[in-house]
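Order of writing sets the chain letters: A, B and C. Residues in each chain are counted from 1.
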Amino acid sequence: MFAHEFMRNALLAGTFTGAACGVVGYFVVLRAQVFAGDALSHVAFTGALAAVAFGVDVRIGLFAATIAVALGIGGLGERAGADDVAIGTVFAWILGLGVLFLAIFTTNRSTGNGTAAVRVLFGSIFGLSGSEAVVAAAVSVAAIAAMLACARPLLFASFDPEVARAQGVPVGLLGLGFLAVLGTVAAEATQAVGALLLLGLLAAPAAAAHRLARNPYAGLALSAAFAVGAVWLGLGFSYVEASVPPSTAIVTVATVLFVAAAGVERSAAPRLLQWRRATPR
Amino acid sequence: MRIDAALFQGLSWNLMADVRQLVAYPFMVNALEAGTAVAVLAGAVGWFMVLRRQTFAGHTLAVIAFPGAAGAGLAGLPLAFGYFGACAAGALALAGVSADRSGSHSRESAATGAVQAFALGLGFLFVSLYHGLLNGLDALLFGTFLGITDRQVVTLAVVATAALVLLAVVGRPLLFASIDGAVARAAGVPVRGLSLAFLLLLGFAVAATSQITGALLVFALLVAPAAAAQQITARPLRGLLLSVGIGLAVTWLGLALAYFSIYPAGFFITSLAFAVYVVARIARGTVRR
Amino acid sequence: MSAEPALRLSDASVELGGHVIWHDVSLTVGQGEFVAVLGSNGAGKSTLLEVVLGLLPLRTGTARVLGRPAGDANAEIGYLPQRRHFDASSRIRGVDLVRLGLDGARWGLPLPHFGPDPRRQRVQEVIELVGAEGYATRAIGSLSGGEQQRLLIAQALVRRPRLLMLDEPLDSLDLTNQGSVAALVQRICREEQVAVLLVAHDVNPILGYIDRVVYFAAGTAVAGTPAEVITTETLSRLYGTPIEVLHTKDGGLVVVGHPEAPFHHGSRHAH
């Protein structure tokens, strides 16, 4: 398996992207900003296809769209999460816009077969070149480093914004910076598993970690581990069973992990609780 | 890129001639008929969905429709089976889950997001296995108005009629239960039963709408017209009729624009619906009674 | 009119989630009587209303509501549940809300009526009764707490109930509004001959309007006039620990020393 370059590239990009998703995703669930991840998945699709339609590198459209919208959501603040109907309608329209770009793209190329759309929607982790994989890994590592550097103040700001602000933590700035990193990681994950399955890497491993670990640092590590595990298992399975697309396999593993974690939490709740209390912080 | 020049081929300034051209082809007539049935159903059910603040349920059901339809295609069954079956099963699952509200809101949305991603991944698997890759994918996700069969039209018309009859029967208690659950229950309204019935109804509306707009764009017909109507009027009957009216207008106009241009119906319908919603919101913002 | 009481509970007890909320409760509410239901949090005041509506069965004892078993007479009961506040985005109009109280539970579409519609007239009538004509056609989310409460009372009255049950209706109102709503309820009670059960956590805003009091505490309840029930002796006996009732200069009552009832994490308000 490791003899194949496409597999090595996929593992390189996937491992670090997965870890980044796990770390960022943990905070996304903690800060109740899953809707932002959902919105970004729509925007990623449209941004990428806009880039393709205008003949620009996909990644430029991807990153520009996700980071811009992430900051926009941050700018709106509390109001952003409040109105489900407005949010849903706006981002449904953005998807519609993406469909337009898709149509423009396919009619402008005589050989338009729309595989670009499939790659954007469902990822293209097995199609990464060596340089693309290195870039993906590098961006993800940078994101992870940024998150780890701010982990403590960000946790503080997420659990208890008022007290944190009083102690001098730049809550607003951290929130905005976090969203920018989220946008970046979302763009990375789109290349790996696609815009539509984004939440499978961003939300599922993190949700599983939240259910199993009370200690936030353990949760962060667990979330990253789950995401990376899902990537490895998914890639491995897809390699062996070629009819299963890698993104489907990865997301399925992540979901199974989540369901298992939910089951464990429900059945073992009293015992786990005691275990957690006995463990010194 | 020749956007402008190729934008609206065949469109003339003579409205009657345009309409005649529109209905000249059977496939277009089918599309309009199917679109009508769907718009009415979506407008009516969507109005209640927005009132009950269950738009997330609508979106989840739509996403579940995708693997349902793709799976049916793979298994050689008529797509309608897949659409309606998956949405019905999804509705029952949602009803079961919502009865057990233990987690926090954030956890619920994370769980929903994970389930949606899984469903989409599953659908992708089915479509890949079926080898109908792009066309199948495009139609299922973003809708099509080109290949609507006569049988589809009949099915949609029957489903829409049945659903509307059901809505007429339960509409009043459903309205009562949606606005004022505790008092309705005291007055003898079976609130829990109605919630389940509504989710099933929503499932059917989503399954029908997905066949026109595609699984990802159902919001255009299910939410935007209803939300716009609720911005405009607070009166139930008027709001319901307005929602249906907006849905119909948006669908017809969207299909017509798609016919005369090279651009997809999904984009036009979504954009028109969104535009109406934005205008309605702005109008209400400026007219503060 | 018969002398049949609006409500009669005999040796009643009720349990929720395995806990007995109250037991050995006997009380009578006569026609047209204004009765306050008092007691500390968790003592089971709202539970009484659920029993009367037949939503919660009794563990022991009997309950006769308007001469019939609990649950059979709901068409003649007007019910205002606790803490109903419509948020600002609720666009339903007051008139429509009141109309729902009239026929919202009926299946099918309302039949068209030729000539003056008695249903519309009744809705208008009851809105005028509570004094809400001025704002009944506005979206309910845009109204103040007091205005919303009046419309909700109208909704509870629209089917001419013989028993009106209000669960903490004065909760979120300021003092002025508390007084005016309490006065409104008393006026309706007298004019329309409706028995009223009003649950409150503080008796003072309604002290001047009520006929009798039912006080829930320590797993049971005591009924009588305010002068009989809200006294140092009665409450101390009820709670089993020293309770003091102080009288303020303006006629108010302050109960000091009562322990909070154990909190039951119950499914009372399950949807």
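In this section, a contact is a pair of C-beta atoms (placed from the backbone, for glycine too) under 8 Å apart; a residue touches a chain by one contact, two chains touch by 3 or more.
None of these values were measured; they are calculated from a predicted model.
Arrangement of the chains shown, judged by which pairs touch: a linear chain-to-chain path with two open ends.
Ranked by how close its mean Cα position lies to the mean of all protein Cα atoms, the top chain is B. With centres defined as mean CA coordinates, subunit C is found 51 Å away from subunit A.
A straight line joining the Cα centres of subunit A and subunit B is 28 Å long.
Centre-to-centre separation of subunit B and subunit C, using mean CA positions: 42 Å.
In the complex of the two chains, the subunit B residues touching subunit C come out as 168-173, 175-176, 179-189, 191-192, 230, 233-236, 289. Of all residues in subunit B, those touching subunit A in their complex are 1, 3, 50, 53, 55-56, 59, 104-107, 109-111, 113-118, 120-122, 124-125, 128-129, 133-134, 137-138, 141-142, 216-217, 219-220, 223-224, 227, 262-264, 266-267, 269-271, 273-274, 277, 281.
By the touch criterion stated above, subunit A contacts subunit B in their complex at residues 29-32, 34-35, 37-38, 84-86, 88-90, 92-93, 95-97, 99-100, 102-104, 107-108, 113-115, 117-118, 121-122, 196-200, 202-204, 206-207, 210-211, 243-245, 247-248, 251-252, 254-255, 258, 262. Per the touch definition, subunit C reaches subunit B in the complex via residues 53, 55, 74-75, 77, 79-81, 84, 90-93, 96-97, 100-101, 103-110, 138-139, 155-156, 269, 271.
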